[in-house]
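Chain lettering (A, B, C and D) follows the sequence in which the chains are written, and residue indices restart at 1 in each chain.
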Amino acid sequence: MIRDPQDLRRYTASQRVNHWIVGMCFILLAFSGLAFFHPAFFPLAMLFGGGVWARILHPLIGVAMAVFFTLLALRFWRLNMMTATDLEWLKRAREMMDGDDHNMPIQGKYNGGQKALFWAVLVCVLVLFVSGLAIWREYFSALLPIGLVRFASLLHAVFASLMIALITVHVYAAIWVKGTIRAMWYGTVTRAWAKQHHAAWYREMTGRKS
Amino acid sequence: MALQSLDIKARSATTTPSPQIRKAVEVAKLIDTSICIGCKACQVACMQWNDLRDEIGSNHGVLDNPMDLSAASWTVMRFAEHENEEGNLEWLIRKDGCMHCTDPGCLKACPSPGAIVQYTNGIVDFHEENCIGCGYCITGCPFNIPRISAKDHKAYKCTLCSDRVAVGQAPACAKACPTGAITFGAKEDMLDSAQVRVDGLKERGFQNAGLYDPQGVGGTHVMYVLRHADRPELYHGLPQDPHISPMVSLWKGVAKPLATAAMGAVAVGSLFHYVMKGPNEVSKETEREVEKEGEQ
Amino acid sequence: MTQHWEDIKNADLILIMGGNAAEAHPCGFKWVIEAKAQRKAKLVVVDPRFTRSASVADYYAPIRTGSDIAFLGGVINYLLTHDKIQHEYVKAYTDFSFLVKDEFQFADGIFSGYNPEKRSYDKSSWDYQLGADGFVKTDPTLQNPRCVYQLLKAHYARYTPEMVETVCGTPKDKFLKVCEMIAGCSTPDRTMTVMYALGWTQHSVGAQMIRTGAMVQLLLGNIGVAGGGVNALRGHSNIQGLTDLGLLSNTLPGYLTLPGDKEQDYAAYLAARTQKPLRPNQMSYWQNYPKFHVSLMKAWYGDAATKENNFCYDWLPKIDKLHDVLQVFEDMGQGKVNGYVCQGFNPLASFPNKAKIGGALAKLKYLVVIDPLATETSEFWQNFGPHNDVDPAAIQTTVFRLPSTCFAEEDGSIANSGRWLQWHWKGAEPPGEALGDGEIMAGLFLRLRAMYAKDGGAFPDPILKLTWKHRIPANPSSEELAKEYSGCALSDLADPKDPTKTLVKAGEQLAGFAQLRDDGSTASGCWIFSGAWTQAGNQMARRDNADPYGLGIAPGWAWAWPANRRILYNRASSDPSGKPWDPERRLVFWNGKSWGGADVPDMRPDAAPAENVGPFIMNPEGVARFFARGGLNEGPFPEHYEPFESPLDANPFHPQNPQAKSNPAARVFKGDMEAFGTPKEFPYAATTYRLTEHFHYWTKHVLTSAIIQPEQFVEIGAELAQEKGIAAGDRVKVRSNRGHIIAVAVVTKRIKALDVAGRKVHTVGIPIHWGFKGVAKNGYLANTLTPFVGDSNTQTPEFKSFLVDVEKVKG
Amino acid sequence: MQVTRRRFFRVCANGVAGSSLALMGFSPGEALAETRHFKLTRSTETRNTCPYCSVGCGILMYSLGDRSKNVRSRIIHIEGDPDHPVNRGTLCPKGAGLLDFVHSPNRLTHPEVREPGGKEWKRIGWDEAFDRITKLMKDDRDANFIAKTDDGLTVNRWLTTGFLAASASSNESGYVTHKVVRALGMTAFDNQARV
């Protein structure tokens, strides 16, 4: 549904579907994972039908997430290549956080923060996937030395926490920067939004120089 | 909830303390490997009492059978042929099974509330109905004891016959042991009789005889008398200084509050950021610019 | 056992040789551990394998299988030459001073009187010199060269440590260390106990091995004392009881014996067994034989047994020769046997040379198997591939299989090794239609009796007149039968001391065998069990475990034969004056008026020490014998002979005399001599044995045992394995001249190659327990390999020493 | 501050508790944890003796039910008799597994016969079994019984049928077996003591 013909298309439907599959996987994984991680979160397992179901589903969802995240990464990795501008942006990120984006360098489709987050999440998913296999008792753990399994358990917990934090930032950024979430809901952003936050991309999309 | 026949000292994945007031006598099983003949009566007594029947396996060129602990074999005899310094053969036979650590790695690692409990008498028990089958207990155990069943994906191990101990009976293996290599009683008494046995072995020329009650796990409620306490690894790889792996300690210890706090901090920080800085909206100026552009 | 299990805790040294108590009798073995813990006792194990017993021993010495007489003879020599014997004991309680006939000789491995054609001895020269008074001549100074002591010393002088090393392969230093430890028990305050089992009995010289062990114990003064003795650790739960009850080809209950063909006269039969004392004042308890025998016949034939008909003496079968199992299967193979009944017995698995046994069974017209379990024997006709490769169509035997109850489903008593008769109670109904053994016997007997009553037939009298006074004839109760063997008075018994008094009223149970009479007024089906069920009730069911003297004797627990005596020959635990040798272990002693103490004295209670009544009351000499007289078939002194399949070409003691290579008196059937293998073709010594996880051929039917030891294996020393390229877990083929088995190889350091007579001898260990029926993995019957020859006295097969070859199975 | 491992654990434990507190009651209800109930509580105890080796260990057999009329007893557990002077409650691996002997799948449950040349068992009743066996025995005995030898000696023996007795059966079974076997005149008679 086109709301305003002037809006700019930021994501295709298939990109959005891919993102939300990954997103749902993440939420399920985070909830079930937290249930195993800290007793305070164990009741989250009830969302899955209890601890046993949580234990059965978590690694399966994990594999699904790895697959869909890979697709997502294949779609977006080029766009997330760091440039000098991005580094400059990252240096000034604090100003941005303080609500002053006047001095921020002109950004393309993604700013330095988004790109950094992309790579960070990619690393997290990779580590979580590999370590997750190692601690998947049903199929793999018995084949590995116990020291490795223990290391993988720790790694999995640490990277999962890290990833939850990163995604929290990701979500918050989307909430904080008004007009962002709709890009993932129905694919378009307003021209003003684009110009404000991603001026280079705005120019690219509109063919304008300024 | 009914009052248990044994009071619980610690329960897996539970953050509040269990009732602590009643004091129970701490129990222990003492296994004197120097008089163990490896007859496997303990294995059978265990199967009989706990209604376990493992698969009928094969011979693998050794007397050990079943070859390893399993969900249906909670104890196995481990045989090792050792030629000592004088060139004489010693047949070192050890009954393997849960050590019932004072600081149990399995319980520490277990994410499911009440799947692993430690009674005040020292017994560490698995409650399969609460087990979710994740296998973290295996990861946590310094002695490689728990096994997940391929049938029901529950973890099993020696219960020290908690059902027998609860009614004042000794574990089935200890009762059956023909030579008295396994004895059972209050841990304090077991330490005393261990001392007598160690002294006896020293008299017979085993200068390095000693008790295996590893302090790295806070001591155990299954202890060994060893002729070669200086080299426990001779006994089919009994660990020299077992303790909960630092990985596990970090994972199920400090990482838990730190990571929870960090995640919470990020969430709360975000909230406060929003409250303090407000939303990042498109500036009126940009809006006007874009409008202008649109008009062109 | 001369002792009982708990008594082992009183020992200072335990010698396990020819047995593996830890493995085969773990719960009895606990008393060894107890002796170690409480008395600081030492355990010595001498065995071809480093066994589970050895694993907890203080000292282990290896020995070549079948060479135990050489080893123990060496010990005797050591004790005599180092003067480590208990002088007072041997002088007073043994035949040391007795003079032996001049005709008795020993030359190059053969005793006087040998007939090589018959492979047997004329034993007339193997006896004492008798004086004009009918008593044995003695020389208390022990100087006479014909006294037993001097002959013994001369006989074993050849058994030097060097010879022991040569014959047994036991390194000299290890042998001497064992000697030294044993010698430490020659003082009155230290005792050794000897524990043996099939590792001594299952040899062609088995009985002599045991005798040699007993001789060592006599030299140390260790028979009849607490913590001493020679202890046969018997295999089955009631093998003691069935032996006591005489269920053997040549015996009757209570070690009475069947008459031979020549013994047509009852009086002569009794006289030959009613031995007059050979020394003054001796009890010679077999003088009471007529009482025991008459009481037996009254128990069996009741009113039909009268003085006039010699108490039915002629109704007993007389024997032309020993019809032991080897003889019977030899005859069966020749088609001379038509029917066979196996009650709880699995001969196809248990007897040597499975091919021969199976072939013999196939010649039967009918076979009846009574068993709780599906045995191999009951399916000998069925093809089980390589494990039993037969053609059922070619086997014309009718086989009946009758289900019987097991222990849990019946009441009754069984006798353990310590001669305790213990009563047990039924806990549940048997499965399906299974019946008790007694009920099955009744079913057969009552039908036979009815047929003989109706149709007549060959000699029906003993069948028609057999006492069968059971309230339910088809199901004789254990209580009734126990009362019958224990015995009762048939008429009022007058008190011999005061004939006006009645000791026992007619119909009442007897208090013990001392009340038996030879006039037909008493009945007792087994005199040594007399007193098991008295007027006071079932003594075997008693359960008082109090141990008032702390010597491990619980006189109120069950009932032990004879007369509830727990340690045999216990008079010998005190010195000739009646004072305990060791004040710490006061077993039986003279209190000034009578004998008493922790145990029931094995002595006439009022026999004052001054009377010099010897403690070995069953011997007419009253003392123990180093010189066996005619008691055994190979000679009065044990001599080492090689197993019939030996890795050596000659007996190292008699290298020039082929007659003396193996037991010269052993019976070998035609064809079996040829079936012996030679070391050239079968270079390795082999021995069969049991594992602690299993019980004979039963527990392969038992799930828990199958789980803890599931599959057939053989044990091979690391050195031999390396030579043959065998790794642990490989499948190997073990071949003897009689067949082969295929099993998994357990490669172990616990079996070492031994240097014997200048050559290296490897031993292959063959656990028995597998077969083609069971829940464990099917395997070969180990007795496929074993030779068909037995001990010349007992005919117990030589399962412990034979020859094999081993090779890895390819692929 | 010296941080020992133990102290470190304690700090961690406090941290866990603290972090949970921070989560304000978002904590699971305590799961029921109870030992397995003692399975023999009201079973029936019967004393017996181990039927394997000659140590003669005392055993206690526990069976289902209280022997009331409508309950079929079944042995559900066997362990050592602590009163027994020799085994004092202990059992070896065989004795400890006696239950699996009593309930072995290879227990025989009914009489069977395998006919000459046959390949399988045929179930028969006890009467048929007894009748057929005793007929065979009588025919053999009548045909081959030796009352006198050729040289006129009375021997009254029957050599053509033999008997092996079970040394695991009771004295009473053994005694009655001996009586019957000798009354029939058999001498080919042994038990496991021979081997």
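Just so it is clear, a residue touches a chain if its C-beta (ideal position, glycine included) is under 8 Å from a C-beta of that chain, and two chains touch if they have at least 3 such contacts.
Worth saying up front: this structure is predicted, and the values here are computed from it rather than measured.
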Labels of chains that are neighbours to subunit C and to subunit D: B
Most central chain, Cα average position: D
Separation of mean Cα positions, subunit D and subunit B [Å, integer]: 35
Subunit A-subunit C separation of Cα centroids, rounded to whole Å: 83
Distance between chain centroids, defined by C-alpha means - subunit B, subunit C (Å): 50
Sequence positions of subunit D contacting 2 or more other chains: 16, 19-20, 23, 27-28, 78, 80, 87, 90-97, 100
In subunit C, residues with contacts to at least two other chains: 26-27, 30, 692-693, 703-705, 708, 775
Overlap residues in subunit B, where contacts from two or more other chains coincide: 13-15, 39-41, 43-44, 47-48, 112-113, 130, 178, 180, 256, 260
Subunit C to subunit B touching residues, read off their complex: 22-23, 26-27, 29-30, 33-34, 36-37, 40, 50, 52-56, 58, 60, 692-693, 703-713, 727-730, 744-750, 775-777
Subunit A-facing residues of subunit B, complex: 13-15, 109, 111-113, 130, 132-136, 138-139, 144, 148, 153, 245, 247-248, 250-251, 255-256, 259-260, 262-263, 266-267, 270, 273-274, 277-283, 286-287, 289-291, 293-294
Parts of subunit B lying in touch with subunit C, wherever the complex brings them together: 34-41, 43-44, 47-48, 53-63, 65-66, 73, 81, 83, 88-91, 93, 178-180, 197, 200, 203-204
Residues of subunit B defined as touching subunit D within the complex: 1-2, 4-6, 8, 11, 13-16, 39-41, 43-45, 47-49, 103, 112-115, 117, 125, 127, 130, 159, 162-167, 169, 172, 175-178, 180, 243, 249, 253-254, 256-258, 260-261, 264
Subunit A - residues contacting subunit B, complex: 6, 35-40, 42, 45, 50-52, 54-56, 97-99, 101, 135, 137-138, 141, 146-147, 149-151, 153-154, 157-158, 161, 164-165, 168-169, 172, 175-179, 190-193, 195-197, 206, 208
